[in-house]
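Below, each structure is written out as structure tokens.
Below, subunit A partners subunit B and then partners subunit C, in two separate complexes.
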Partner chain A sequence: MTVVLTLNDVSKTYGGKPAVSGIDLAIAGDSYVSVLGASGSGKTTLLRLIAGFEEPETGSIVFEGERIDGTPAHERGIGFVFQNFALFPHLDVAGNIAFGLVNRRRDPVRDKAELDRRVAEVIRLVGLTGLERRGVSQISGGQRQRVALARTLVTRPRLVLLDEPLGALDAHLRARMRDELRQIRRSLGVTFLHVTGSETEALTMGDRLIVLDDGRIGQFAAPATVYAAPASPAVARYLNAYNLIRGSRSGASFVSALGPLPLAASGDARSASSNPPPSAPSGTSSNLGPAAADGVYAIRHDRIEVRAPESVPGADEIMVPARFVASEYGGASMLSFFALDTGQIVEVEEHLSRGMPLSLVPNSRYGLAWKRDAAIVYA
Partner chain B sequence: MQAGVLKPVLAVYTALFIAFLYGPFIVLGILSFQSGPEGGPQFPIIEWSTYWYRHLFGLVPPSRVAPLPIGDSLIRSLALAFMTMVVSTVLGVASAQAFRQKFRGSGPVFYLIVLGMMVPGVLVGLGTALLANLVGVDRSWWGTAFVLHVVYTYPFAFLVMLAIFNRFDRSIEEASWSLGVSPVTTFRKVTFPVIFPGVLSAMLFAFTLSYDEFARTLFTSGPRLTLPLAIYGTFAVEIHPNVFAFGVLTTLFSFALLAVYAILMMRSVRQSRQVSAEAA
Partner chain C sequence: MSRTIEASEEPAMRQVPEAGSISSAAAQRRKARRMSWLLLSPGVLWMTLFLVLPMLMVLYVSFWTQTTFTVEPKLTTASWVRFLTSPTYLDALWTTVRIWLLVLASTLVVGYPVALFIGLLVRNKTLQTVLLVLCVIPFWTSFLIRVLAWRPMLGTQGAINMILMKLGIISHPLEMLLFSELSVLIGMTQIYCVFMVGPITFMLSRIDPNVIEAARDLGAGFWRIFRTIILPLSMPGVVVGAIFVSVMVLGEFATAAALSGRKTNMLGNIIVSQVGSLKWAFAAVAGVILTLLMGVVIAGLLKVVNLRKEL
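Now for the complex of A and B:
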């Protein structure tokens, strides 16, 4: 793999509060990398540092073998797609798309025929044919998104930064644009760095996934790896697919307020500390606050089964009592909320294709069971 | 119930407002058609005529009423207003642009600029005249008066532009940079077209305020008078309806200016709509 972008120890603070700190990163060329993080995790700052809208306080940024930190944004050759699209309101669709080619300092396109050809080509690519002369306030959100993308792609940057590009679109359009973004990227062979706050978007879009946790890289791996083995409780939390229970490890069980949760026999144990995923940086911070020294027991929403309260768990299983609160019907699956005896809410996702789940009565007690080796223990 | 009371009250208020706004102008307008040269600035109209309009342009035989000394002063006032407009607008746009980022001392600098429109004009005028005498600078409409006009109108242009930049979406500039366009070209091709309606408003403010200015100019314009001063000077002798005729003409000129402003404004706002209409 050829590395197109490298960040070494990049940090930036806002008013004394670190926005990103000590970021080390290497992004491969011709790839789609998504960046997942909560708001305030520094993901937009990271993009703005790479684009040159902000300058890092420490560290260096190297793009295509050249150090670019300190270089003004317009000399970096890195594209940027804004969440609010940031189209030029005084220009029509074709004018917006041609703007960069005509006005850029390096190698502007002066030849009218060449300009028209390249604009027409990218308009075809993003599917805006027929709207060339429309004003940008006269087109829909999805079309504006395409104009924003086309405007950037027509200048042929090697790297495009996308700051929550689908955030302003409705759900239906978002799903369609996800697909199109991937196709467009592949056909051009550029690198996309796509920032998002949506775990679904991050998992589906990226060839690789960066999880940002409080200004640091929590994990950088393939989406499937991140999903199956989050490197830290914080990463697991961003994925929004794990129930996290605090406690500490004690021999063959994990001791929590629920009582001891027996762990799988060593060897099968999917303990994160004894067997960390290869790309997980050691010593990642978790934002669990003062109790961070304590351990965390993580169990995925869809690994839990709801049983009758008197049923007996299997030998390799754990079962805890819980009170049913409510559920959300999600079409293909059902998300149910249970309150443990400690008051903590646990989410259970049941796939309806596996048969109808137990019909649940609010405020009644049930047993939640899972396989011991399905749990991930951070301790 | 409440609306029943409110409506007539509002109607009376509106009627009064309009009466005070247009009443004086209507009276002047009517009196400007007084017969001349014997007719005076009062009712009743002896006979309707355009005598005073012709008098204004020297198209009537000489009489005991001297022609209004406006020729040169009108040119002076227009030139002064134009110079003031250009300089104040440029300064206003540039400093509002600077205020988009917080900088050290931005608070004091803000009040320093705005002070120019707050301080009493007579005092500033007098002070400037004394200062000019002290340092041995001759007072003139294009020198001392011009500087004061800029000091006075620049805060208006500045505040207009500040409001415009407040609503300005800075990400379109960043988008332009990220396309490889330099900051200077970005200002020319993106920022300026977008803020243009605001610039137009700033220009209008600066021009009309300067064209009308009296107190500051009174002490600083030196021997050559601007239009407001020249007209005021004729009052000292005797008021004739020729002043009213001139008032009507300048008001029409102002309306023409406003119309040009409105057309330019509409064009810059509707640009995208026209573009889409062409496509349809």
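Now for the complex of A and C:
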């Protein structure tokens, strides 16, 4: 794996408030990396620093072996696809796509035939054939997205930064573009760095996934690894797939307001300490409020089973009582909300292909059961 | 029940006895039409009475017969012939066109960078508003004072000459500063510049900053971006500003009268002096020619940019 982009200790503050702090990152060439973070987690700032619209206060950015921080944006050769597309409103589709080739300072394309050939090529690649002479206000959102992508790809950057590129599209189009983005990237062999606030998008798109947490890198790993073993409670929270219960570890159990939750026998415990290092006391706990006990017990939505309140849990299981609040039908699965006795809401996802779940009566009490070794403990 | 009976029953059921037999959609359309007439009528009435009719009247009077102190409604082309054959008046027409073009150019040269600064570099809306208000501050004084204030500035013993002499740049006061066409141009540029700054600033501030960043990201340098993105996107503002400035400068007479020492005569000055000596028919000819000139200028400017797209 060749590294195309390296960030060393990159920081940037806005009005005294850190937007990104101490980012260390190495992005491989010919890969699709997605960046997940809540709004305000610094993900757009990160992209703008790499593109050159902002300059870092500390640290360095190295692109293809050359240090590029301090180099003006138009000399970096890194593509940027804006969330709002930022098309040139006075130019038609072909004019937008040709802009970079014609107007770039380095090596502009002067030969008309060469220009036409390269524009036509990328128009075919993104599937805009026939729309060359349309104004950019006369095409649909999905087509505008393609123009924005084509405009960048035609200049053949080695790295393309995409700032929530699918955010402005409707759900159906978003699903289609996800697939197309991956195909286009693969056919060109460039690196995509795709920023998104949607955990589904982040998990499906990236070969590797960066979770940004409060201006720092919370985790950088394959999506499956991040999903199965989030490095910190904050990362687990961004994935929107975990119920987090605060408390502290005490011997063989995790003590929370719910009472002690027995942990799995130490050998096969999925305690986070045996997984990626939980070196997370830095800024992560701030996301969970001022924690008296800063341990967190995480259990994934789909690992919980709903049972009758009087049923008895197995020896390797935990069961806590809860009151059913409401549920959302999601087609392939059902997401149900339960209130624990502490008042905390717990989400349970049941896959309908496994058979119809228990029919639940609002405000009735049920038992929520899960395997002890399914829990991840940060303590 | 058969279909035919159903069909014949339907219209009977829809019929509303009182409100006539119109559908509610038609009623809504009718109401909207009535509303638009209501909104339009004061303006249309005003413009008809005080713009269209007087203009037709001016055109009519321009063909009346002028004697020394009176005009008679006897149709003749005498005034037109006199205007179009007299070097004095043709000269005034040329002066008007020349001053208009020069002021247009100078307001653009002075105004565009200001607009660029306020509209593009200042991204804070409050600060933008404050700066625009600052541009308008000269308008808090009366027109006459604004014009006459140039005299102590530009005169032979005025501020500029004094400073230049103190600095040793010149030994004799510059005579050409005041009571010349230059002073008229300076005065008009100052007065009308803000009408150029406003519309251009508005258009520039509407440019999405991401669009400029996108151009940078695609490798274009500043001047390239200015030429290919910023300038074309600000053109509607330039055209609107140019229309404002043109209409006001073409009809100008006061600045020329106050700052040129009556040496520079524009069509406006001709009209004022002819009306002063009760030469109504002749003033009407000058008025018609001025109106035609403005019409041509505005039509030409509107050809430059499709303003419909900006509405």
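The rule we apply is simple: the second predicted complex is superposed on the first by the 364 of 379 C-alpha atoms of A that agree within 3 Å, B and C clash if a C-alpha of one lies under 4 Å from a C-alpha of the other, contacts with A are read in each partner's own complex, and residues count from 1 in each chain.
FYI, a contact is a pair of C-beta atoms (placed from the backbone, for glycine too) under 8 Å apart; a residue touches a chain by one contact, two chains touch by 3 or more.
Bear in mind that the values here come from a model prediction, so they are computed numbers and not experimental data.
Student: Clash or fit: how do subunit B and subunit C relate after the overlay on subunit A?
Tutor: When both complexes are placed onto subunit A, subunit B and subunit C end up clashing with one another.
Student: Output check: A:133 vs subunit B and subunit C. Expected answer is one of first, second, both, neither. What do you get?
Tutor: Only subunit B; A:133 stays clear of subunit C.
Student: Kindly classify A:92 by the partners it touches after superposition: subunit B alone (first), subunit C alone (second), both, or neither?
Tutor: It touches subunit B, and subunit C stays clear.
Student: Could you figure out whether subunit B or subunit C reaches more residues of subunit A?
Tutor: Between subunit B and subunit C, the winner on subunit A residue contacts is B.
Student: Just subunit B (first), just subunit C (second), both, or neither: which does A:337 touch?
Tutor: A:337 sits against neither subunit B nor subunit C.
Student: Thinking of the overlay built on chain A, is A:105 touched by subunit B (first), by subunit C (second), by both, or by neither?
Tutor: both
Student: Jot down the residues of subunit A that show up as touching in both complexes, subunit B in one and subunit C in the other.
Tutor: 51-53, 72-75, 77-80, 82, 84, 86-90, 99-100, 103-106, 151-152, 155
Student: Quick check on the complex: what are the subunit C residues that touch subunit A?
Tutor: Interface residues on the subunit C side: 208, 210-211, 213-221, 224-225, 228-229, 232-233.
Student: In the complex formed with subunit C, which residues of subunit A make contact?
Tutor: Contacts found on subunit A: 51-53, 72-75, 77-80, 82, 84, 86-90, 99-100, 103-106, 151-152, 155.
Student: Could you pull out which subunit A residues touch subunit B in their complex?
Tutor: Subunit A residues touching subunit B: 51-53, 72-80, 82, 84, 86-90, 92, 99-100, 103-106, 131-138, 148, 151-152, 155.
Student: In the complex formed with subunit A, which residues of subunit B make contact?
Tutor: 169, 171-172, 174-183, 185-186, 189-190, 193-194, 268, 271-273, 275-276, 278-279
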